[in-house]
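Each of the next two complexes has chain A plus one more chain, namely chain B in the first and chain C in the second.
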Partner chain A sequence: MSIATVALVSIGAHPASGRARRAEHDARAVELGLQLAGDSLHVLHAGNPHEPALRAYLGMGLSELHVLEQSDGNDAVPILRDYLRESGVQLVLAGSQAETGEGSGMLPYLLAEQLGWPLVVGVAQIESIHNGVALVLQALPRGQRRRLKVRLPFLATVDNAAPKARQSAYGPATRGEIDVEAVEVVIDDLSTQGAFQAAKPRPKRLKVIKAKSGADRMKAATAKAAGGSGQVLKGVSAEEGAQAILKLLIEEGVVR
Partner chain B sequence: MLNILLPILLFAALALAILGAVRRMAMWRRGRASKVDLLGGLLAMPRRYMVDLHHVVARDKYMANTHVATAGGFVLAAVLAILVHGFGLQNRVLGYALLFATVLMFVGALFVFKRRLNPPTRLSKGPWMRLPKSLLVFSATFFILTLPVAGLLPEGFGGWLLAALLAVGVAWGVSEMFLGMTWGGPMKHAFAGALHLAWHRRAERFGGGRSTGLKALDLTDRSAPLGVEKPKDFTWNQLLGFDACVQCGKCEAACPAFAAGQPLNPKKLIQDMVVGLAGGTDAHFAGSPYPGKPIGEHAGNPHQPIVNGLVDADTLWSCTTCRACVEECPMMIEHVDAIVDMRRFLTLEKGATPNNGAQVLDNLIATDNPGGFAPGGRMNWAADLSLDVMRDKPSVDVLFWVGDGAFDMRNQRTLRAFVKVLKAAKVNFAVLGLEERDSGDVARRLGDEATFQALAKRNIQTLAQYQFKRIVTCDPHSFHVLKNEYAAFGGDYLVQHHSTYMADLLAAGELNVSADTGGSVTYHDPCYLGRYNGEYEAPRAVLRALGIEVKEMVRSGFRSRCCGGGGGAPITDIPGKQRIPDMRMDDIRETGAERVAVGCPQCTAMLEGVVEPRPLIKDIAELVADALIEAPAPAKTVKRATEEVTA
Partner chain C sequence: MSDIIRRDPRAEWIARNRLHPLHAAMQPTQLSWMGPNGVLRKNVHGVGFIGPNGIKRIDRSGEQQAGASKRTASVAVQLPLHQVAAPAFYIAVVPDMVGGRLSSHDRDLLGLAHQLAGTDGAVLAVVFGESKETAFATAGVDRLLLLDSQGYAPEQQVVGLRAVDNQFAPKHWLLPDSRNGGGELGRRMAASLGERPATRVWQVKDGQCVGRAGAGLQDLAQPVPRLILAAVECAEPVSETRHEALEVELSTDAPRCLPRIEDLGAVDVDPAAIPMAEAEFILSGGNGVKDWALFHKTAAALGATEGASRVAVDDGFMDRDRQVGASGTWVTARVYVAVGISGAIQHLQGIGACDKVVAINLDPACDMIKRADLSVIGDGEAVLQALIAAVDNWRHGAKQDAA
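Moving on, here comes the complex of A and B:
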């Protein structure tokens, strides 16, 4: 199964101290990649190659980490897109959301869109890859799993459902090499012109517990979300379907 | 006939023994280099043997006397036998001396024999069961052979039959005693043991000294291995030390992990290292196995990785680093050093710290505390105490090292009690506050030398900014690390455990305490205060000052049993048949005491984890704080205090 597999990594931040570390989800992407491709996994970062926290990824047993050098506030999407397009990669793994910077979780979507690849989110496991088709286990809420057949190339993001990242060891972390590549810098208007400010936690809705017994509470915690008012459209024309979706979006206030 | 045969047998045996010695030394030299004073060590060896080693052996009077007679008799008999029977110096005085030596050895050997009739389980069997017989044969044969020399029997007495019997006896005796010494028999302990004492990796231990701090790994030397992967990665004198083992099993009897049914037996571990240095399998091991692991399934050689060949990883992670094995070992072997060396490789190279190990190490790197708590919350426990912080008050008498117990709600009670005591004694003290970091104890014992050194260096940097006369801490682990392990990185401080400091305060009359009235008390010695630092007296002195008569446990002082909380053992959490703290609580219950005084946050946590009903666990600082008599204050304050009591 020696296909060109790339894991995209970023610099994370510890939730309690804010100190730089390997990002939790990205580390899981690397773990998934190592399980899938072993030594041939190609780990890629766009940013500052001198950040010590990058070595934590090398500590997972990588001999090399590739960095497309750029400074904060530069847009990573175009250079990653060009790099991936030129290198003939078949599978790209990434964490679902960065812990630093914008952290919008948009990067995988933008990349997939610009590459014209499918994107599979919340991958729990990649079971096999045969004849250019991967069997992917996707994590759904409440512990459910969905098995998908995806044609290569595609982009997959992982979150907490993916296998836990292995421990980063000091020896390989110090020995591993960081291969820096100079790229044309693209200024990201959004992050250079706008001002960053700390996110305020959204007020939480009061959760009214109606359950009277332990059995009820168990049911509430484990039962599938009841959609209730949803409607299933079957055998309708594309136009009718689109109409129905647009109607719903207007009702929900998404489209005004 | 014997006159011709005897020298041949003796010298042939000696020659083969020397050959064996050269071969054995070559095995040790596969290890890495180590700085040892070769000549000075050899010169100091007799004294180390007769004084330091004897001190340890003499804890068991029966065995000490037996060994003095047997070994003393043997050494004398061997030298004289070579002179008399080897070189043919048929001198009557020498003959009598040799007779005396063989009788002495024979008597000693009888006691060895007696102990082997019904040996305790900790003793290895196998070839060791043969040894007393060999000793008896050696001494008896040379006794009879020497009778004619002393003129007590005519030459040629007994005829051919006796001569043949004696020839067999000599052959047996010298094979065991001379050949066995260097070719791997039970007598190997004498040869390797003597050299081990001479070239011990902790020479400071001799002459009443103490050396317990782990040795630093040179992380700047890229060519050196990070810890020990293969037997040849040990230093040569560590390999030599393993060979010195007599398989007496004192370590096994003292080991809390072995008693709890976790897969560790210090004796077997050392024997496995011997298998590793010589090559082979553990099938010939004739002692207790690692609990739950059958003998004969592991093999290794000097160039093969130890873990998952010779020893399983869970064996290494079962150790609580309590040092009970090292304290008991009559050969002064360093088990804990070896275990940590192997752990270092697993953590630093393999990234294979089990269970919560990886997370704890990540937390230490990212938040400076093992729990992963926000570093800004380190002083929350003292929010209302208005403590001085070193940054605002850079020169004090006492720097109070709080430790990571600051994040633990149980330990916060201890910390607050100790602050109350310090304030009552009007001590000029301050804390580092948010500048304090984990001491690195747990990282180091989990094998993460890199994180330990990073924490140590940053703590030393912080401490260098301030002036203080001493550091006082409630945590024996921080105490040990600050006192004994920071010096290698340039941190030399006067560090005291809070029990020592309170004993000083009480002795100086700085504290006004009433008699304790809470019921009977026993005291649990923390490993890192007692065995690691020799402080057995101060906590007891504090308790005495409170009018408490300690109901001592059978295993107290240097024989104290570990609570199970050291060496990262609660983090790696290797399953066994029972829990170590439960066993310790049984020791405590045996005394009938209503409370147990402790001096360590780990011990507190482990013992409080034992299900009730059980004796109450009280830190010494809490006992002192409860017994404090508030200094006579203005009437107004007194009135308010009484109101509070009635309310």
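Moving on, here comes the complex of A and C:
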């Protein structure tokens, strides 16, 4: 498959130390792109080309990485949109959430909206691309998967369900080239409204017992698992019991 | 009923013991009430109580202690009704409705919506697809809008939400920032409206909202925008009022959009590969299971992840990582089927978060039955065998219907 594929990458931050690193989700997007397009994968970053952490992506076996140069606090959407529109790409892969800045995860959505492309979120695997139609496995919560059919060109975001990113090797990382392109900058207005602050630990929710009397409180504290409105089938045959259970399982949609 | 007055020493004892959990239920009923002609009627026989040695006692201090009353089942308290006749504005909430019911995240969101609505605004819940929820009223829904939707159709849902936006012009839109669809739908809608949402919001106070930013090392505080994607426990759920949950409708149907993403349906995944804590559907076996081969076969037939009680694990029938309970895994399954598990407190703790519990057990008095939503009293082996047969039957039937 040699579909023109672009992976968008950003600079990540280590969750404990905050040190710059390759972003986890973006690295997975690169991995998925490498599996699909091999050497023809085009990796794109909008931001500072001199950031050393960018080289970690090159260490995954890329020969070059393209950077649209802009400084912090600039809006990446318009320049990425113009770049992608002109480059004739068919498939854009991105991580689902940035690790620095606001990290709202809006970028792929805005890009897709402005390019007029469909967006598939939480991709676990791209199974096949034939005649301009892709079969995509989407990851759902609780380890479930859903198969989707979508026409190229499209945008896909990946998260932790996508294949794990390969290790970054030092040699290729230093050898790889960073190709810088200067672009017109667009100021992002968030910096004028929002204020970043160190994350406050969130208080644990307390179990509040609203009781009018001491007896009620006692009851709430000592009560066992409430004998609720459970239905008890006694003296029925095994078949009837099984039917009742199956009916509930089908109603809940867990048996397919 | 006979007229013979029978004393129930235990009830009397409970009625005297203010610390007993059932004390409140043993209190006498009304002693005086307003008659039809406006005359105050009193039940003189209800006054006082029969003391321990059979003599009637009247307590003039006002602290009635009676066991003489008939047992009354504890009445469900009717919460006060919160009505918004003519809403000044709407706060729209789009709950996830995992499995067709409000999740706890959805309830937190409805709580936050009420904070924002105050007394003049109404909370409008927009629910896609079929809903099995019966408690919209107590969860804090003033107006309910049901939109139909089938399968995975986020683009069509956004069109629907935009139609709602045009008609009701909500002051705020609240969506759960979850992986169950809310986070995606909210962002799609924000992109489509061209508005900047606040994401992962965990606090809204005095016109400012605070949400997690980046990889969670920072918070972002900003003025409350119209679109809010809120995290879990962003506010306390509604618990002290009852709401109308009046159904409203869209004046014009949302236009159909051509789906660009086609849903080919769920893919079978190996249930054993799903981590137990995450699994949606667990079949769990305990000391009452004798035929483990049959148990594994049933789990495979149902497509359930396997779990076990501690006894089953200690006896070597199941792996240690399959143990459910206090010293094993705390599971969050939506449906939990317990076969031959008595329901020891250590086990019940582990399934506290489960939605529907099904018990198969020989003993109708065991604690698992008290916890379960559906219990079948009978031999586990026979029921499992019947269950395999029933599933096979159903699958074939369903296939024939489809063909």
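Structural remarks
Going forward, the second predicted complex is superposed on the first by the 194 of 256 C-alpha atoms of A that agree within 3 Å, B and C clash if a C-alpha of one lies under 4 Å from a C-alpha of the other, contacts with A are read in each partner's own complex, and residues count from 1 in each chain.
Convention: contacts are C-beta pairs under 8 Å (C-beta built on N, C-alpha and C of every residue); 3 or more make two chains touch, one makes a residue touch a chain.
It should be emphasised that the depicted structure is a prediction, and the values quoted were computed from it without experimental measurement.
Using the contact criterion defined above for the overlaid structures, shared-chain residue A:166 touches chain B, although it does not reach chain C.
In the superposition on chain A, A:256 makes contact with chain C only, not with chain B.
Of the two partner chains placed by the overlay, neither chain B nor chain C lies in contact with A:187. Judged by the touch definition given at the top, the superposed model places A:120 against chain C, while chain B stays out of reach. By the touch criterion defined above, A:59 lies against chain B but remains apart from chain C after alignment on the C-alpha atoms of chain A.
The partner that reaches more residues of chain A, of the two candidates chain B and chain C, is C. Shared-chain residue A:19: touches chain B; no touch with chain C. Shared interface residues of chain A (contacting chain B in one complex, chain C in the other): none. Chain contact summary for the complex, chain C toward chain A: residues 18-24, 99, 132, 152, 155, 178-180, 183-184, 187-188, 190-192, 196-197, 199-200, 202, 210, 212-223, 233, 239-240, 260-267, 269, 273-275, 278-281, 302-304, 334-335, 337, 343, 345, 348, 356, 358, 360, 364, 367, 369-379, 382-383, 385-387, 389-391, 394. Against chain A, the residues of chain B that register as touching in their complex are 226, 347-353, 357-358, 361-362, 365-368, 372-375, 448-451. Put simply, chain A touches chain B in their complex at residues 14, 16-17, 19, 21, 59-61, 166-172.
The residues of chain A lying in touch with chain C in their complex are 12-13, 15, 18, 98-106, 109-110, 112-113, 118-122, 135, 137-138, 140-151, 154, 190, 193-200, 202, 205, 210, 213-216, 218-219, 222-239, 241-246, 248-256.
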